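Input: structures, listed below.
Each of the next two complexes has subunit A plus one other chain: subunit B in the first, subunit C in the second.
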Partner chain A sequence: MLEHLAAIAADGILLGLIYAIAGLGLSLVLGIMGIVNVAHSAFIMLGSFFAFELFERLGIDPIISFFLALPVFFVLGTVVYRMLLTRLERVAQAQGLVAMFGLMVLIENLGTIVWTTDTRVITASYTNSSVVVGGLFIAKVKLIAGILALALTAIFWAFLRFTLVGRAIRAMSQNRDAAMSAGIDVRRLSTMMFGLGIACAGAAGVALAMIFPFSPNTQVQWLAWAFLVVILGGLGNVANTLVAGLIVGLLQTLCAAFLPFDYVYLVLYVLLAAVLVLRREGLTLAVRRAI
Partner chain B sequence: MMGMVALRSGCAFGLVVALTIWGAASAIWGAASAAAQPSPIVVGGTLGLTGSFAEPSTDYKAVYDRWLDEINKKGGLLGRPVKMIIYNDESTPTVAQSLYNRLLDQDQVDLVLAPYTTFIGGAIVPIMLSHQKLLFNGGFVGVNIFKNAKGSIIGSYTYQEPDYTRGLFELIKGLPEDKRPKRVAIFTAQNPFPLVVRDGVGGVGGAINYAKAAGAEVVVNEQYPPNTTDFTGLVQKAKAANADLVLELGLPNDSLQVARTVQQQGYKPSILCTCGSQVTTLAAWPKLGSAAEGVFGTTVSWPTQGYQGLAELADAFKARGYDTLPTYAIVGYAILQVLEQAVEGAKTLDQQKLKAYIHSNEFKTAAGNFRYQEDGTPVFSQVVLQYVNGKNQVVWPKQFQTAAPVLKAP
Partner chain C sequence: MNMSRTTSTLRIQEIVAGYTPGHPVLRGVNLVAKPGHITVVLGPNGAGKSTLLRSIAGFLRPSSGSIVLGETEISALPPHRHIERGIALLPQGRSTFPELTVTENIELGGWTMRSDRKRLRRAVEAMFERYSHLRELRNKPTGALSGGQQRAVEIARLIVSDPTVLLIDEPSVGLSPIVASQVYRELQALKAEGRAILLVDQDVRAAINVADYVYVLNSGRNDIEGDSSAFHGDLGAMVRRWLGV
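== the complex of A and B ==
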């Protein structure tokens, strides 16, 4: 029994770490900038195909792609911010949402044109093997993806907490006008923050592609998971996002072990509904300044 | 001055007369040409060329184009060229419905092809029946849909949902007693199609009934929602229950992930069958690496069986970069072979006469030599494949075996 519980916990923690980075970029962009980035999953999809192309064409291991994705998607995010989001600063929130939705549809359709809807998998040398500890089988690929996710979360946490830019970003999220009057270049910081959010989505896409099959039109499922983590963890807080990811992962594996499997997602969605009811005002505050 | 006017009027008159004669001549020439060139027979249908079903739909389209090219090179059907109209239904039932109305009412197609998958196909069947047209269906299965259409849907899938696991259990029955799996775990996607694969219809067929008939106990019977991402919990349940036969009745993405998770969990059931879809014939399967090895799957036919046009079809897909021949390609081509042989055999496009001909004759196709049952489905046939050393091998039926089944030691 103990062995069974340990297996559940290990799997739940690793899954939770992966869910956490799927939601991290969304949480930061929504919490700090007030942008409901529904195109987040499209950038996750691009991250998955970034890893796929590097693996298939150049034989680059997804672990390396994970780190390569950070600067590449950061630049992509800043370009998207400059080209699209700066034009939407003064439009109504609903129009901004529609624009982001349009961006999601555009990226997904371009993805379908380039890669078709064929199912893809990345199988690296460690994908099908496991680490066996006291009779527990822990998939190496999940362990690696979990460690990468934890490292990324730690880097973001440290960046926002200890660097001058990070503090400025936090100041901007608390009071944009006060930050401006204190001489903070809000436009530059917003561009950087959005770039970081997209970098996080790209890296999450790589981590997800290491573990799960994917295609341009299936990655949208991660948007629901990302929102689940964000809503549970609150907005713009790295540590809370991590904890929320871990709760979702552990809850999923516990329910899978002790309930009929088809109840697992019901439990998760009931949790989502409960959190939405109980923490509604937190969300409202964060999206008040939404694009 | 008057002379100039008269001259101009004369020229104008001459020009008008010349143009009239040229126009009349062109019209007569055109009509003669049209009479010499018979009007084409129009075959129409839809495919989800974008959206969720674009992957298989693209394979169908490649097969349709290939057949169209072949048939027109052979001189068409009934001495008339063949034209094909395939609209994109965007993998959406409502779009498909309006497109089938357009095909039947505006385009007035002579022969109708089904779209891909039961989700779309089920939605357009009432339109077909109300227009009293036959539906040449290489796109979907659906035992109840066929029954309700009373033989007006002509299929090329050689087995329907309740029989998806039938071949596997026939194979198991043929194993020595001590090698037969005794404990079964079934994972089923919450989707009407795999649920019928599991439960059968009216107590007939279905994995549970076949397992019971084979003397095996179902120790895990779980269903999962379509958006399930992680299958570790399911696989751990089957492993804890010592199931030696695992049936994954889901769609390709789920099946790929289940096979990978089984490997990662160090779980070695005697048989793991991805019997809910023909995923082992898809391009993604070999990419799974060692997790793909030893897994069983089912399909309608295999190039080694030598059915009409099958080897050539496999070569054509190899040229398109496919390691293995997708089932969609086989059934898509087979239905066009049935259509071709039926029209040429019955020498008519009359739907009732075609139906009568189809139900009383045999057809040689890439999916097998068909005889049709009353409901419009071909008589059951199936092959069970096992993926061994990077290749699919036929392990059942025995007469078509290319390799003996390899059962994993627990």
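== the complex of A and C ==
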């Protein structure tokens, strides 16, 4: 029994690491820039198909695609920011939300045109194998995706904490006017931050595609997961997002092990509602400026 | 700190600026801030004092008029480009980055030096020499400091890049009288280094005590002006006139 629980926990932790990067970009863009990017999951979906196409057409392993997705989706994010977000700077937040919703619908529909609604999977050489770690059998693909996700989270954390640009981004989120007075080009940094958020979404899409089946419509489910992580973890805080991802991953695997599958979503969404009712700021008091 | 810095005079000519089109807050303000002088702007609430500083700092683009530093027109520059020209703003209220440490706050004041990390580190160390009481606090988040300590961090961040024109908005708000008097002493030290200081203040007496020249704004226009000595008389009468009593 104990071994079974340990296996469930390991599975949940690895899944949680991936959920953490799915929520990380959303959390940072919302926390630092105040943009409710509901199109975030559409970029996650594009990340999955990016890995799928590279794997199917060129035989490129998803591990390599994970790293390739970072620069590709960073550029995509900066283009979207320059073309769309800069036009929304002076509109009400609700209008911005509608615009991002429109972008999400556009990407999903373009995805459906290109890839249809068929469900796809990526079957790499290690997809169906497992490794023994501390006496536990762990799916190799989950271990790899989890390690990649943890590495990306650590890189984001270190970037924001230890580099001057990262500190400037944190400063911008804490006092925008003072940051501008200090000579920081907040528009340029906002573009970079949005690009990083989308890069994170793209990489998360690759990691999710390594484990789960996906189609263009799957993105709505991932949006709910990403928001669940963000609401649990509070805004713009890398460490809290990681903890929230782990909680969601663990809850999912525990529920899946002991309850009928349909109850998994019920439990998670009741938890989401409870957090929103009991503690608006998420599990921490880290609201916007605290990163 | 470079004691023989080259400074330029800041000239504001007939600027009109506001937050809503057709409803200007500043309605043709003229002003000159000279190097090595503290130029004080006074006036009742709503006179446009802070709006004037925000316009000069690039946060608010004037609809007409000019802002000239030396020979260069700067009214169209975005806020982040002003520091490159040697103009630094200390905004009203708290302006630290509370989650960042004292060192990180000061370091970001030298953002324009980021390509030369050694120079930036030297400049930050120079600030710890100047404000030695901050040295032991260097790794603390500024949000955990007292109001006076935070103001010292703000001033260190303001001058770490060695700007020649300082725009200071209400520097004593929220500070104890002792700390406020230290802030005014520091403004005089910065003036002695040859910087042009444009000070907006509600504390009329304290501001006039450090001023070389005083402008009074009323309803977005120049009202009266003169050497500070001319204002040392009946300050009460001036304030009563603002209040309309």
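Simple rule for what comes next: the second predicted complex is superposed on the first by the 272 of 291 C-alpha atoms of A that agree within 3 Å, B and C clash if a C-alpha of one lies under 4 Å from a C-alpha of the other, contacts with A are read in each partner's own complex, and residues count from 1 in each chain.
In the analysis below, a residue touches a chain if its C-beta (ideal position, glycine included) is under 8 Å from a C-beta of that chain, and two chains touch if they have at least 3 such contacts.
Model, not experiment: these values are computed from the prediction.
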item	value
First, second, both or neither for A:Q95, with subunit B first and subunit C second	neither
Touching partner for A:T163 - first (subunit B), second (subunit C), both, neither	neither
Residue contacts with subunit A in the superposition, subunit B compared against subunit C	B
Touching partner for A:A171 - first (subunit B), second (subunit C), both, neither	second
Contacts of A:T86 with subunit B and subunit C, given as first, second, both or neither	neither
Which superposed partner A:M180 touches (first subunit B, second subunit C, both, neither)	second
Subunit A residues within the subunit B interface of the complex	4, 7-8, 11, 15, 109, 112, 116-123, 127-130, 132, 137, 139-142, 212-213, 215, 217-218, 221, 224-225, 252-253, 255-257, 260-262, 264-265
Complex contact set, residues of subunit A against subunit C	164, 167-168, 170-171, 174-175, 177-186, 289-291
In the complex, subunit B residues that touch subunit A	50-55, 58, 190, 222-225, 227-230, 232-234, 236-237, 240, 252-253, 256-257, 260-261, 263-266, 282-284, 287-291
Residues of subunit C defined as touching subunit A within the complex	57, 59, 78-84, 88-91, 95-100, 104-105, 107-109, 111-112, 114, 157, 161
